[in-house]
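As structure tokens, the structure follows; a few thoughts come after it.
In this document, chain identifiers A, B, C and D correspond to the written order of the chains, with residue numbering beginning at 1 in each.
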Amino acid sequence: MSLIPTSAVAEHASRDSCWIIVHSKVYDVTEFLDEHPGGSKIILKYAGGDATEAYEPIHPPNAILDNLPIEKHIGAIDPNTVVKVVKQVTEADKRRQALMDARPPLDEILNLHDFEAVAKVVLPEKAWAYYSSASDDEITIRENRAAFQRVWFRPRILRDVSSVDWSTTILGCKSSLPVYISATALGKLGHPDGELNLTRAAAKHGVIQMIPTLASCSFDEIVDAASPGQPLFLQLYVNRDREITKKYVQHAEKRGVKALFITVDAPQLGRREKDMRMKSVDDSAGAKVQENQSGVKKDQGVSRAISSFIDPSLSWKDIPWFRSITNMHIILKGVSTPEDAILAYEAGCQGIVLSNHGGRQLDTSRSGLENLVDIVAALKQRGPWPNPNFSVFVDGGVRRASDVIKALALGASAVGIGRGFLYAFSSYGQEGVERAIEILRDEFEMNMRLIGARTISEIVPDMVDASALHSHVGITPSDNLYNGTYQPLGTAQFRQAKL
Amino acid sequence: MSLIPTSAVAEHASRDSCWIIVHSKVYDVTEFLDEHPGGSKIILKYAGGDATEAYEPIHPPNAILDNLPIEKHIGAIDPNTVVKVVKQVTEADKRRQALMDARPPLDEILNLHDFEAVAKVVLPEKAWAYYSSASDDEITIRENRAAFQRVWFRPRILRDVSSVDWSTTILGCKSSLPVYISATALGKLGHPDGELNLTRAAAKHGVIQMIPTLASCSFDEIVDAASPGQPLFLQLYVNRDREITKKYVQHAEKRGVKALFITVDAPQLGRREKDMRMKSVDDSAGAKVQENQSGVKKDQGVSRAISSFIDPSLSWKDIPWFRSITNMHIILKGVSTPEDAILAYEAGCQGIVLSNHGGRQLDTSRSGLENLVDIVAALKQRGPWPNPNFSVFVDGGVRRASDVIKALALGASAVGIGRGFLYAFSSYGQEGVERAIEILRDEFEMNMRLIGARTISEIVPDMVDASALHSHVGITPSDNLYNGTYQPLGTAQFRQAKL
Amino acid sequence: MSLIPTSAVAEHASRDSCWIIVHSKVYDVTEFLDEHPGGSKIILKYAGGDATEAYEPIHPPNAILDNLPIEKHIGAIDPNTVVKVVKQVTEADKRRQALMDARPPLDEILNLHDFEAVAKVVLPEKAWAYYSSASDDEITIRENRAAFQRVWFRPRILRDVSSVDWSTTILGCKSSLPVYISATALGKLGHPDGELNLTRAAAKHGVIQMIPTLASCSFDEIVDAASPGQPLFLQLYVNRDREITKKYVQHAEKRGVKALFITVDAPQLGRREKDMRMKSVDDSAGAKVQENQSGVKKDQGVSRAISSFIDPSLSWKDIPWFRSITNMHIILKGVSTPEDAILAYEAGCQGIVLSNHGGRQLDTSRSGLENLVDIVAALKQRGPWPNPNFSVFVDGGVRRASDVIKALALGASAVGIGRGFLYAFSSYGQEGVERAIEILRDEFEMNMRLIGARTISEIVPDMVDASALHSHVGITPSDNLYNGTYQPLGTAQFRQAKL
Amino acid sequence: MSLIPTSAVAEHASRDSCWIIVHSKVYDVTEFLDEHPGGSKIILKYAGGDATEAYEPIHPPNAILDNLPIEKHIGAIDPNTVVKVVKQVTEADKRRQALMDARPPLDEILNLHDFEAVAKVVLPEKAWAYYSSASDDEITIRENRAAFQRVWFRPRILRDVSSVDWSTTILGCKSSLPVYISATALGKLGHPDGELNLTRAAAKHGVIQMIPTLASCSFDEIVDAASPGQPLFLQLYVNRDREITKKYVQHAEKRGVKALFITVDAPQLGRREKDMRMKSVDDSAGAKVQENQSGVKKDQGVSRAISSFIDPSLSWKDIPWFRSITNMHIILKGVSTPEDAILAYEAGCQGIVLSNHGGRQLDTSRSGLENLVDIVAALKQRGPWPNPNFSVFVDGGVRRASDVIKALALGASAVGIGRGFLYAFSSYGQEGVERAIEILRDEFEMNMRLIGARTISEIVPDMVDASALHSHVGITPSDNLYNGTYQPLGTAQFRQAKL
């Protein structure tokens, strides 16, 4: 393959002939322009030039290779023709660096909310929008959090809790916490090391990481970063091309992954308006209102850029096929109803995750925690319970060890935390993740003592009052006239102080 | 008929003799002054002059002809005597134009709320007050929205949703969406083309428009703007003079209208204080407090200007008469109770709309969505269900395709959207309406996939949890002393950043 | 009785010998100082001088005569010695007058809330504090309002509502509204004509006024202001001295009062902190913190100034005595439980008012509307229902005709409005009260049409959904960390407009 | 023991050899550094110098003696070598003094909230953080308050309430109120006289004080300050070394303490982030972000400084031992479930306190008031009720006499108030506590009259409606797009006033 000079690439800088450079390789994307899930506009911005910087944090490493026919792989760029661009430090870069310098010291981070508050400030706006957004009115994402606060504790007293132990076994793997790191996409948007931050912290603290299909780091990079014997799970978006999926799954098994979490709640990615909005503002600031030109589709945020990798035809019929290609545990991630929980059980899966995808898919779906109650009841009726061969996990809205304990009391085997760890490394890298695990550990110690449970198995249904869990009620809209006129009471007033 | 010079009109500029010009015709309205639903004051403002500009957006085109005896139609104005007035561009006009220029580009409009937010800014205050207002404390209008958020999804997974189809048939007419454009009055307040924006967009996208009795455009203008075979419905306020109504209904049928939606929740128009308030401020800004002068009635906003066209004596006895004058489907719009739903069914109607008139009539009425549950239960007991000869529609508070899907799951045949489309053309004309339809289409595609329904008929009751729908509870008033003293928790604090 | 020169009064200006002038009469109040319910401090402020201005709005006209032994009535002041004081117009007076001039014109007052909003601005602070305050945390006063919003309408359609009639009969007296004017004390704090504003407006509009024991105007002044045959009720605080009460009741009956409403919820007046607070601020603004001096009691607001007129020993044993001294209807005002409602019925009363004294007595008492449901159920079980000899009234929190209709649907005979009318005359005098009645009339017309009731008797239980009335629930305290970090969604953004 | 010069102490100012002076005694704390519950950093700050000022308000007086082996007690400081340091008056001191001078006069303090509002302003930040903080999200602390507002009164009327009596007997001791002063730690943080303020005020007003294990004053100082025969209770944290506990308990009994309240809800102190946060800000203001250095643990607020005195192994097995060492009543403080209430009863205890430690331990625990209903029901089933040998107390969130009455109606014998009195003396010393008692007395008088109860025994279950107590429900997260666009109604507008 001969080397291509940058000047040759620069000649293909139009919609009619569009070449781009990614990681020193040249690709002809002219025919791909209209198929690009993220829209053609963003590609055309780099037409005839190097798109690596924009490409990298948003795409799985091999995305372009997988999606572009081999004949469009033009060749390698001639390094001698590449002018080393001194990267401009923008005002935004400087501002972000100043904020990074002003972060609270890590030992002032007291809970998982703190990471989120820091990340909100130091993340590039686009990354914050992608990570924090959820679908439609973002009701489900908030309900996920709120649901935990409708479960109340019934703590037991006078048990000798000198030593408490919150370690457990998840799908046959030892875990120092009843918590696993759930898959979240595109970690490099938040930190240059991306998902490796999680892998390294997980190794150090005996926690299990679920590797996302849409990681910014490649699967192998992540596995390579793991320590010997470190248990890993894999989250799977099923590709329209089943051969790609098969190869991917079997490769994962070969590399030692213990369980396969097939995402079943995303036949199409949700509309995440915060993410879409951010993109719009970015592109068109200061622009004049334009009449909508048919045929030109706007870019629609990061979410849409990754959705074509997902097959909407995935169905129950595919489960036996998965069973046939792998011996890993098969877990369905994104179950919401007792009906589907029973179907999963009958299909021979080893478990389910009660999840609504962090509120990013179907808005006004109920929370995993709420569904847990109904689903555990249904599984109890259907078969043995607890069932060592069928695990029920929950994710969504978890911020505290006390949340986890509530889920365990209601029947969950373990709980997934996604954004919590994502924000931890986005704000403080690997050390942030380690601090997050430490905080959870401190919280587990305290809460297990205070609830009167010495081991995970002593966390029982009687320790919670979940009677309010199903009552997500609505309030009569307020009487603004009355409330506007009513003068609230105040407390006693100080005199003018001589300060 | 001889032509009348403007100077002759100008001589009749008092309460004792009051002539006005509307659309180049001269009318003697002296005796009509006290009957004018909008009050005499607004007419007297134009006494002896041309009232067209004020008349036009508020009145149905033929209002003056229908309401003034023929002998008061003085004649046509002599065009040679008319001084062409160069319309002054006011500061308010300039301001509004500047805001129009600054509107968000249409492709940044991501949901139906966005149209409302834009309309709120760019609409003349009077139009916004008329469109957005509802009755009394505006509790029902907000409850309409809130009710949808008390219904939660129970999404099904692993169904092959490669292709999903949300088209349907409404009263025998094809519709590309399970949504119709519900009637709203006085479209020209929002856009010079008024209701025609809807007609044209509906034609283009296969959606059904319900023509309002109180349109700013005449009935025939709207029908003329429709494309061949485009299905149209008609909303009817029943006039005190049944002959006028008969003529109107039979004309509509002749012109191809498919169904007649008789409004039954408005024997009198509601008190819409936001609208009334706007009028007051308008008239009396800067005025000194005046003792109330008996006999002089203030103008009471746009709503009152149109209420005399409605007959409060309309009753069940009239239904057979309607049946006798038309073969169109007859639908009662504004049903709230199972009792009345059964009466409508027994009276031989083809359907009902569960509606509280967008919260504009009886405040603290329950929402259509809430009533749907009880009414479907009653209809099931009474006859076959679903019943191809009796449709149940819902309107009020709909902003998302997910709202529509909830209503369909609970038994509705289709859902009406009024203000959503009204704000769409008020802010962006016909293109706004088209964009609104596109947005709904995108949302239907996503939501049907995510809920696991491939067609409208696969949307079933099990897909929603409506257990909270009836719980519009009240909250203990807050303890202001406690809340005022309690210091909320905050997150970790940044150091002073060097920005 | 010889005339006393002002100089002679001035000699008694100390705690040891304290004379004051009220309405040109001289009184020796030395021994009364410590008994004064409002504290001695306020009297000492006027020692040796004229206290009329401070006395008048707060005391019933004959309070000083009734409470001071005859030998302490020194005599009449010598008018020749009185220096006509030119009343200083203070900054506060000027400010208040400027605000009065700027009031919204009366025809812009659209509902009863508006009067309250105006009164809040134009009333002297002390008057506002006294009128608007309620006990403890003011939870019940707000709950009174909130309760109405937990009752929802089930409107009926297609009834001929051309003419609707909301007049009724209350305890045998005709009333143009199903509403009476409930007693509120000290009307002159709000307007120089005090309660007469109500009497005159009631005469003009056929409404019944309940005269308060603690009126600023004397009982006879009020009755004298009534038109011939105008029905009046009397609210009674029972005095420790039953002879005073007997004289008062029999005088009222002689003067034609139709019904006696005995207040039973106030054996002691509630602590109304807003009122107490106002007094404190008034007295001690700018003062230095003083150690509490035992023995010196602070004034405690207007409420406390009137409480000694009320006998805490009043009990069921007194009811037969009342029956023995009068033939007027006897109604117990302030009933909250079915148990007491039955006792009242069995004691031969003609009715009860379900009231919590406008939230001014026992805080966190339930609302009259909520109690209505339980009490009507109990009365139904006990005897005939509806019972022409036993009426159930409700008051508290009523602001709209729709509130009244809800109470009637649930079984009330009529509804009392206190503060609504009080604020009406405080802001606009008699015309305010008339406007308030007009507004209610307009609201009754609209609401009865919209609910489908042509007469009061057609307002039936099926027209309301009161299922949420008993659910005054509490909400989980919010997760401030989560809510503080969560970034709410916004709508599309405008570009910078050229304004 | 020879005297040690300050210069000799100053030589031991490092981690390798660390001496400090406390109350003129010298201690070698080198080996204790890592065991110090409050962290080593705070000790090292005073290494080689006098730590008394920092030590005093935070530690029980004999803490250092009890925890440091005798061989580390180096000796007494040579007073001749001590340089009298003129205490610097800092800006913060001056500011606090100015605020103290500007406090509202005590007679303007109308309720217990007022004390809290004043304390919030005048307390040193660290003290406020320690006193006001609660665990995790501080949900339970607020729920404690909110629970009372979910219980509503059903007041009875027409009972002769001329005289009402709210005195009672608590565990055999007379009390002028059905309230006792609950234990709170470290009173000297708020006032130099610490817990003695409570002792003296309790003596004067016939109220019972519960002495805290972690008082700033020593146990004997408090008992010495009591008047003859003044009843006292003792709150107990059980030490890991049972001999210390035994000595302490038996000493208390000897000195006349009547009842022992063993804290059972604190095997480990809760994480109180407000307190931890305060510490962080204090230490590191202006510091640069540092990478976390492993091995160095940050100080974690006042709470952690006292936690090692508590034994997490305390269990039911210890109860017989307590019974064997004392004849005092034994009460378990911190019971939350009927199961444990029954166990306490069967273990021969004389009572329980339904408490969640003021929200400072397990967050999202239910309130004592809510648990009261279930626990009383369980006790009724188990044995005689009311049971003179087994009392049920409640604490948490009490601010008003009406709260107490609600708890009594639901079955409590008396109610504990902790923070209310703590804030009273923090803001006004002993007089504050007396004022607090007076306020409660006034509130009891009013409320008992208004509810119709003349004695404590007449407060019966029928007087409250607790049906909402268990409903701590969650609300659907709000639709921010809708709410942001909805324009709330306002009242009529004033014209521009000429002020």
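Quick note on the criterion: a residue touches a chain if its C-beta (ideal position, glycine included) is under 8 Å from a C-beta of that chain, and two chains touch if they have at least 3 such contacts.
According to UniProt, the chain labels map to these proteins: A, B, C, D = L-lactate dehydrogenase (cytochrome).
Note that the structure is predicted; figures quoted are calculated from it, not measured.
For the two copies, chain A and chain B, the CA superposition rotation is 90 degrees, given to the nearest 5.
Shared residue numbers account for under half of those found at the interface formed by chain B and chain C, and the copies are therefore classed as meeting with different residues. Measuring from the averaged C-alpha position of chain A to that of chain D gives a distance of 42 Å. Our note on geometry: chain C versus chain D, Cα centroid distance of 42 Å, whole angstroms. Shown for chain C are the residues that touch two or more other chains, namely 101-104, 108, 110-111, 113, 116-117, 137-139, 142, 146, 149-150, 273, 277, 280, 287-289, 468, 471-476, 479-481, 484-485, 489-493, 495-496.
Of all residues in chain C, those touching chain B in their complex are 101-108, 110-111, 137-139, 142-143, 146-147, 149-162, 400, 402, 431, 435, 442-443, 445-447, 449-451, 462, 465, 467-468, 471-475, 480-481, 484-485, 491-499.
Chain contact summary for the complex, chain B toward chain C: residues 95, 98-99, 101-104, 108-110, 113-114, 116-118, 121, 136-137, 139, 264-268, 270-271, 273, 276-277, 280-281, 284, 287-292, 298, 312-319, 332, 334-337, 339-340, 343, 361-366, 470-477, 479-481, 488-491. Every residue of chain A that touches chain C in the complex is listed here, in rising order: 111, 113, 116-117, 120, 132, 137-138, 142, 145-146, 149-150, 273-274, 277, 280-281, 286-289, 399, 468, 473, 476, 479, 481-482, 484-487, 489-490, 492-493, 495-496.
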